[in-house]
Amino acid sequence: MLRVTDVTCARGGIPVLSEVSFDVTASKALILRGPNGIGKTTLLRTLAGLQPALGGDVDADVDDLAYASHADGIKTALSVTENLKFWADIYGNPVPDTIWEAFDLADLQDRIAGTLSAGQKRRLGLARLGVIGRKILFLDEPTVSLDGFSVKLFAKWLQDTHLAGGGIAVIATHIDLGIDAPELDLTPFKADLNIGGGADEAFL
Amino acid sequence: MPDLGKYAVEVLAAYGVSLGLLAVLIVLSWRRSVRMRAALERIENNG
Amino acid sequence: MSFWEYANPKKFMGWTAPVLPYVFGAAALCLTVGLIWGFFFTPDDFRQGSTVKIIYLHVPAATMATGTWFMMLAASLIWVVRRHHVSALAARAAAPIGLTMTLIGLLTGAIWGQPMWGTYWAWDPRLTSFLILFLFYLGYIAMWEAIEDPDTAADLTSVLCMVGSVFAILSRYAVNFWNQGLHQGASLSLDAEEHVSDVFWQPLVICIVGFVLLFVGLVLMRTRTEIRARRIRALEARARRA
Amino acid sequence: MIALLLRDLRLAVRAGGGFGLGLAFFLIVIILVPFGVGPQVDLLTRIAPGILWIASLLAALLSLDRIFALDFEDGSLGLLATSPLPLEGAALMKALAHWITTGLPLTIVAPALGFLLSLAPEAYSYLLLSLLLGTPALSMIGTFGAALTVGLRRGGLLLSLLVLPLYVPTLIFGAEAVRRGADGLDATGALILLGTITAGCFALLPFATAATLRMNLR
Amino acid sequence: MIALLLRDLRLAVRAGGGFGLGLAFFLIVIILVPFGVGPQVDLLTRIAPGILWIASLLAALLSLDRIFALDFEDGSLGLLATSPLPLEGAALMKALAHWITTGLPLTIVAPALGFLLSLAPEAYSYLLLSLLLGTPALSMIGTFGAALTVGLRRGGLLLSLLVLPLYVPTLIFGAEAVRRGADGLDATGALILLGTITAGCFALLPFATAATLRMNLR
Amino acid sequence: MLRVTDVTCARGGIPVLSEVSFDVTASKALILRGPNGIGKTTLLRTLAGLQPALGGDVDADVDDLAYASHADGIKTALSVTENLKFWADIYGNPVPDTIWEAFDLADLQDRIAGTLSAGQKRRLGLARLGVIGRKILFLDEPTVSLDGFSVKLFAKWLQDTHLAGGGIAVIATHIDLGIDAPELDLTPFKADLNIGGGADEAFL
């Protein structure tokens, strides 16, 4: 269960979104929508604990959270298996055998990650999520450069494995993922220019 | 064995070091050669 | 049939296989004869005593060390101009041999230096240029190892080899300018004045021939290995795509 | 934590020889010195201890920026920070990996290079011992510096600027130990101080490094 | 071509002071030397010319890897290669930008640092002149080395390994000129040779650099 | 006019696509389709002259070609204007005034590129295309991380400015751009395992 109450977040010292609130219960996903630059990335990073919120509460166990974006911690000098194995070790989990099927990586297991195509690399980045065993995922445009088939594959994994196992996902995306989840448009939360907070507050 | 006089250590060390290095080079080259030949045969026979 | 046909990998593998044992045989013969003659059956020098025996390793190794670089330079030029894979691989195969020869030259020289000059190492121009050569070999080998795509690696190492050669010559002059040395002049020159006496000269020549043959044999063997490695790479890549 | 150490070592080896190259740099700095100051043996003997230590320091310095920069750029560092692994442990492992890839091989070849600089024969054991005691401190301090500059675009040179003053005590005691050894004086005091610095660094800096990383990742 | 030069200079200034830091590194190396070799003035005076030149060389070296690496990573280099700008010109501009951000400021402050090392008074003019003549060659050779290693993941250290032997002639003539100046000998020969090296490098290496870049970009 | 005849291209020394042929006449676009890893990126880079083809001909003036992908040569330390100005200078063109409107960058002109959101940065990357004045564009997933509005903006620029001015565009994408152009599926061109060519040919 993830409860977000009145979270205000800032980037570059300037408030971007103010007083965002929502709940997501176990086994459910939420899709964040909004035009470029509204603050989706900022919000997700704040919720995942990568940057401090200006205000508001995120009610969830920090050990359940994980954030994923294009910068997905894939080492181009290591093979696909070595990459996944590393993150599995860090989180103290084994690499599930199903992961190769789920992300269509079976043929690429021994390939050096640097030689993958854009979409294949993205699939590897997503597979990391299946390895770390975290319950609450914050996904920032997870399906960028994936083809239609791979998008379906990912949606399937998300619903049949992650959500079905009691997980939660908050996803920012401009594309239709084909999963059945409520959407939240962030446009109304755009921060007022004059609201307080931010690093410069003391000087205003 | 010829009498090397007071320079025995130097002369023998020079021969030891040189022949040792050559041996290392030859053995390494040889080992890699054998390995590659075996690996190639394995692959060619499987494919 | 053009001369370059022999540089086709398959042809190369074909003609080198029967030649290789003879080359190694001849090398072993020359080295055994030359070194045994030199070590057991030559007199001591009146000034240098028994240390003169080091010459049978030092000079051939030093000669091969520079010779190997010239061979690599030639192979690099052939690759750049004609793009024969075998020549690039031969340059790659030769580098570690050159490195070893340089090391032998340096170490035997150092050991010889202690009794002769009273120091293992002096910043003599000849010695110093050798040290720089050693660095060039290291850089060249590291470069080959660091680049994944073999053709790009061949291209870049060729450029390095060519530019490096120019700078190696430049360094040689610079080093001479910087320090006048202790080291012998060219004792192999045909000029009778400088010539080492015949007793040392004959086994020395045999040793040099032995080193050359050993070098040729090793280069051929290592080039064959490199060709096999490339073939493995190609086959594995193809299998992976299947 | 071992997984992180192993990964870093593997990356160091894959990415074009992290091992060989720190070493090669050390070698080359030492070789350049005679070209600069001239070939006189007596002069080289006198400056050898100092130069050997300065070269080790520079060799360590040169590879510092890769300790965190790569992990930062590809997002690994952020992910590590939110992973169950304590960041202190990660910092320690990073320093260790750096030492294994630079400090250790450097210590092993240093005697061979002392040779080129005509280092006094008595000094070799002190050289070895002082490097063994001192280089871990260089790695740990460097890791801290790398953590300070991790967010900055190519903080490489800023990193050097920040870290070099921190290296001064280690350098002084290290070079002093070797110099005393070369002159036949008692070098125990310098060696003990060197050991103390290293122990202190490893006891305290992982925490400072982790805290710095947390600030930089915000 | 001027646009490229200006952009590179602007980036150097923005990205945390490309100017100040090359210089700072030079400063710090010079400052470390007395800590390493001990404070005897006569010794320092003797090694000052060499150390000053070696420090310039290392300062130049340290910033080489950014000449092309950043442009390669963000794709600019590929775009430049397919743009109407000849790649030879780009190589030349890159070398020039590197010299303006490291060699030039370093030359300007070198006399002040010669002071710290008790450089002989007669040597200052030679120091200035030799650095002015020699550092452009360091930048150009370094640019070539950077082009060789641009495709490699963090080729930084390999770069040092490749470039340092290429720096040897420049270093020898540069340091020799200063040393001769300090001893009151005639240094014209060394200075002329230094100038010849620089001229030769600028005449030939842009082409080698451009060819190398093309190979690496494939 | 762009004429591609029997082009075979390779990545990592291995042929990926073989004998691709197509023509695109002035003022027309072509959309390349194909699953992840089929070789779209490789083909575009080959056509644009960034890597050599194993075989075949690309019939076009090299001085008309331009390639664009995510790695779009944007310097994060420079401002939006400085970035565009630089590329305009390199190509010897002025920065057209219409560019700010066309890519919705008017408000961001003085922002440092590093502080832009993912979509804003992408818009800047695309704006570069409007500045270099090249006729034949090879675009690799140009609309990644753009919102719906920005995708339309880009499609509009492409049709009304670039194509209308006699330009040509070859676009690899997984998303529907909403422009009216023929599509070419690359799947049938997948290189046969046993075809020759490639760096390793001499060794097979």
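A, B, C, D, E and F are the chain letters, set down in written order, and residue numbers restart from 1 in every chain.
Definition applied: a contact is a pair of C-beta atoms (placed from the backbone, for glycine too) under 8 Å apart; a residue touches a chain by one contact, two chains touch by 3 or more.
Note that the structure is predicted; figures quoted are calculated from it, not measured.
Listed by label, the chains that touch chain B and also chain D are C.
Of all chains, the one whose CA centroid is most distant from that of chain E is A.
Mean C-alpha position of chain A lies 57 Å from that of chain C. Put simply, the C-alpha centre of chain D and that of chain F have 45 angstrom between them. Mean C-alpha positions place chain B and chain F at a centre distance of 54 Å.
With centres defined as mean CA coordinates, chain E is found 41 Å away from chain B. The set of chain F residues touching two or more other chains comprises 12, 70, 77.
For chain C, the set of residues that touch two or more other chains comprises 135, 138, 142, 146, 178, 231, 235.
Not a single residue position of chain B touches two or more of the other chains.
Touching chain C in their complex are the following residues of chain B: 1-8, 10-11, 13-15, 17-19, 21-22, 24-26, 28-30, 32-33, 36-37, 39-40, 43-44, 47.
The residues of chain E lying in touch with chain D in their complex are 15-18, 21-22, 24-25, 28-29, 32-33, 35-38, 43, 46-47, 49-51, 53-54, 57-58, 62-63, 65-66, 70, 152-158, 160-161, 164-165, 167-168, 171-172, 175, 179. Those residues of chain D whose C-beta lies close enough to touch chain A in the complex are 3-4, 7, 10-11, 14-15, 71, 73-76, 78-85, 217-218. Only residues 48-52, 62-63, 65-67, 69-75, 77-78, 82, 86-87, 89-92, 132 of chain A touch chain D when the two sit together in their complex.
Per the touch definition, chain D reaches chain C in the complex via residues 16-17, 20-21, 24, 27-28, 31, 34-35, 38-39, 41, 115-116, 118.
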